[in-house]
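In what follows, chain A forms one complex with chain B and a second complex with chain C.
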Partner chain A sequence: MEMLQQSWDIIVTAILRGGLYALMAVGLSLVFGVMNIANFSHGEFYMIGSYFAFFGITEFKFGPLPSIIFAGLAAFAIGMIVERGVFNPLRQKSKKGWLMNTFLLTLGVSIIMQNGVRMIWGSRYRGVTQFWPGRTKIFTSMEIANDRLVAFIIAMITITLLWYFLTYTRTGRAIRAVSQDETGASLMGIDLNWIHTLTFALSCMLAAIAGASLLSINPAFPTMGVNPLYKSWFVLILVGMGNIWGSIYGGLIVGLLETISIYRFGAGWQDVISLIIIILILLVKPSGLFAKKGVKSVLE
Partner chain B sequence: MKRLVTSLGKVFGPLTKLGIRPQIAVLFFALLFVPLFVRDEFTLRLLITSLMFGGLAMAFDFTAGFINIVNFGFAAFMGLGAYSSGLSVLKLGLSPWLGLIFAALLVGIVGFGLGVLTIRLGGIFAACMAWFVALALMAVTANWVDLTKGNSGLSVPPLFVTIRNMPYYYTILAIVILVYILLAVISSSKIGLAFRAIGQDVVAAASSGVFATKYKIINFTISCCLAGLLGGFYAHFVGVLTPQVLHTRNTVEIMVISYVGGRGTIWGGLVAALLLVPAMDYLKGLLELRLIMYGAAMILIMIFYPRGLAGLWTSGADYLKRKGVLPDTSTVSVSKGKTGQNL
Partner chain C sequence: MLEIRQLDVSYGYLQVIWGVSLKINEGEVVAILGTNGAGKTTLLKTVMGLLTASQGTITFLGEEITNLPTFKLIKRGLSFVSEERNLFPAMTVFENLILGAYTVRDKKKINDALEYVFTLFPRLAERKNQLAGTMSGGERQMLAIARGLMHGPRMLILDEPSMGLSPMNVEAVFETITRLRSGQTTIVIVEQNVNTTLRIADRAYVLEQGRIVLEGTSAELRSNDQVREMYLGIC
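Right, the complex of A and B next:
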């Protein structure tokens, strides 16, 4: 019984942790699939989201949920500006070595955003104690903070909305068409520039929502995006590039790996253990666990 | 002027055949005499750091610019070299000089192993795998406190029993010259041609009989080996090692230097390091703004001038040739005449 209880606790923690990794990874995967950009500034949008949620609560006196939405919209706008200002000019100029060039561009964006935030708002921690006070028990011996639970629910709702948007709306279908065949899509009269801007902005919004809804657990500071960034890359590489829905399972798997290794080996070693396991999986299945046939090749 | 250049061309002719650029030969020659004029220890230290970054950028460019694989864990390989050199001196009682060689060999072996396992993936996958290994290495160094002293830092004995920087300067200069000659000679040889072919189009290279994986592994191993050597030097030069040495931030810095210098040129990274590292130090007072400028410069160069400093130099030289100030030296250029050869 003790054993069962413990493993149940681990699974619950892992799911809560993994849901937000999934939200981050879906955005990353979307940008990779549609724009063929390996985005290493994704964590910075998580950070921006966290900051905006903080200002939403403290400066503008929004409630918790409106602040999270506000953070998402603000990151959407910033994402549009970044796409128009950085990737669009490069796309117009040359598409040679696109993947590697944009990879470096995202690093530049990340440096600018991290230090820009530090310059404007300083490097002190900004957090709120609680969004939704209280704790809940779900068939388990331990209590879970409501904030964690709600953050997970927000992540799941956002992913569902994204799924609806991509599957049933005209614009969503246009995005998927571009990810399958850019030339074909543009022949059908889809405005590629607009779709790229929209996709990038959407992905930024997803990261920002993840950051914003975890504000009470992780306070905002300039370099907070690094950890979520590489967690979402674990997920992306583990499930295979460009597979958006696989990222959800991937997020849960990475969450589980981490929770188990923290539990078994103590904090600090979780990265080592989960990385070793991910590397071993990739050696057996180099294209990822759920790699789809026909998605964009990883070879440039 | 023309005659001077022609006679210089005669001197540098054999060097150029080996792939060594005359301008870099001149640069190295000038660098030999710098300590005679620069008495200031601080400036000398800055020059040592610049040279070290130059060496790292060249080794980085050797994989990124030639076989088109970004080793996103580069700083971790350098850090692994630093730690293995430091620990071999502390625990095994080797002399620091042997430690350097030990570090180079060990990191070379690790690079070889990683290359065998992951390099066939190519592109962004290989970059991410190298990055993951780097993250794991950094977490291990931070957590294996018994061996590495973790975040409190590991003190490493110095190379020389002097507080002066001059001996270090000549050591790193010698190392960088060796690194440059090695990389330049390899990249202008037949093997280098194979590297370029793979970097431009793996499928085309493979279909013309180049065994891509083999060459990629050779390239990756050499690059890692050099990172280990320079890391070993770093350990004994700075004297204190923390896991921060392995941080991705340092990889990004090396990467920016090598890209600003110009991809696939080897020497561009060295020149960029000699300009950028002191410039960054000079602008220290600007705090965050300095790094924002760094990021902006990187973005602007990527979008508007992807050929980097080396491209600037080449265009300048071409312009002078057209004006007739410089003689046309393309007859001694190695790239011609060799392209037709079989591999």
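Right, the complex of A and C next:
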């Protein structure tokens, strides 16, 4: 009975953790699938999301939910500026060595954002104690902070909305079209520049929402994005690049691997264990768990 | 309607199109003929803004469109069915068609266009929910043409629409072109099927190594010895 209870606790923890990894990974996946950019500045948008939520609460006196939405919108705007200022000019000039060049650019963006934030806001922690007070027991022996539950729910709602947007709206369809065939998309009258800017901004918004929803659990500081960046890359490598549905399962799998290794081996080993298992999986399925041969798409 | 003046196009240092000029009038069906590698696809892609012209001008409906981005040309009423088809393989036939009407905001117009292409190609209606990537070569061809018609173009440019089709489907494609022409759509067509093409086209240009070497009405070209020898296999 106790065994059973403990595994149940692990599963619940893993799902709560994995939901936010999924939210991060979905954005990363979107940018890779549509723009062919391996984004290593994704964690920094998680970081500024966290800061914006903090200022939303403390400076602007917004409530928790408006602060999170504010953080998402602000990151969306910054994402647009970064895409127009950095990736778009490069795309106009040359597509040679695109993947490598943009990879280096994203590293640059990451360093600039980390240090920019340190310069403006310093490196001390900025956090809030609580968004939604209280703890809840859901079929578990332990009590779970409401903030964690709500963060998970926000992640799931955000992913569902994104899915709806990509599947059923005109612009969402255009984003998928660009991910599948750029020439075909421009022959439909789709403005590739606009779709690229929008996609990047959306991805930044998703990362910021993740960072913002977790503000009461992880306070904001300049280098806080590194860990979620690694986690979302684990997910992408595991499920195959550029696939949104896969990212959701992947987020949950990575969450589960981590939680189990923390329970079994203690904190500090989770990345080692997750990576070993990911490597083992890749030995069997080199292109990732959910990758389909020959079909490149952000949503299937 | 479309006028090309003294067009030069190069891939890097390799010039492929040399001083091409041509003119297409409203309501016409004009064929562009030429052997493999003559530069037909290059010419069409340059008109569509997929390649850049190094010299010369292109005007459409009286306005210069040289080197405009592709998406703007679609809004102006051009449509291009490329040799590669450029379908969206992970989307259904229906979604591909809806994307064809991306520039159309009026729901009713989109539905009318859908109905229209489904009567042209009933096969597509049957396969509405199939992924484009899993369609046969011939079905893909039909889908590409149908998708190119969804925004009600004023001029449709087809690059080898009958490539890889069985005789019956080739027939269907040419029949569609005849129907479109009576519907006032101007058509530019590149084809290897010279005999059939000259039968439906009003005029034709012959491209050789990037230069226009012959032009005339279909009847003229059919009786031209050079054309008969090179493309029709009649001596």
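Keep in mind that, in the parts below, the second predicted complex is superposed on the first by the 294 of 300 C-alpha atoms of A that agree within 3 Å, B and C clash if a C-alpha of one lies under 4 Å from a C-alpha of the other, contacts with A are read in each partner's own complex, and residues count from 1 in each chain.
As a convention for this text, contacts are C-beta pairs under 8 Å (C-beta built on N, C-alpha and C of every residue); 3 or more make two chains touch, one makes a residue touch a chain.
Every value quoted in this text rests on a predicted model; they were computed, and no experiment measured them.
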Contacts of A:Ile190 with chain B and chain C, given as first, second, both or neither: second
Partner chain(s) touched by A:Leu99 [first = chain B, second = chain C, both, neither]: first
Which superposed partner A:Trp233 touches (first chain B, second chain C, both, neither): first
Touch count on chain A, higher of chain B and chain C: B
Which superposed partner A:Val284 touches (first chain B, second chain C, both, neither): neither
Which superposed partner A:Arg176 touches (first chain B, second chain C, both, neither): second
On chain A, the residue positions that both chain B and chain C contact, one per complex: 299-300
Parts of chain B lying in touch with chain A, wherever the complex brings them together: 64, 68, 70, 117-118, 120-125, 127-129, 131-133, 135-136, 139-140, 142-143, 202, 248, 252, 255-256, 259, 287-289, 291-292, 294-296, 298-299, 302-304, 306
Partner chain A, residues of chain C touching it in the complex: 48, 50, 69-71, 74-75, 79-80, 82, 84-91, 95, 98-100, 102-103, 133, 147-148, 151
Sites on chain A touched by chain C in the complex: 170, 173-174, 176-177, 180-181, 183-192, 294-297, 299-300
Chain A to chain B touching residues, read off their complex: 38, 86, 89-90, 93-94, 97, 99-101, 103-105, 107-112, 114-116, 118-119, 226, 230, 233-234, 237, 241, 268-269, 271-272, 275-276, 278-279, 282-283, 286, 298-300
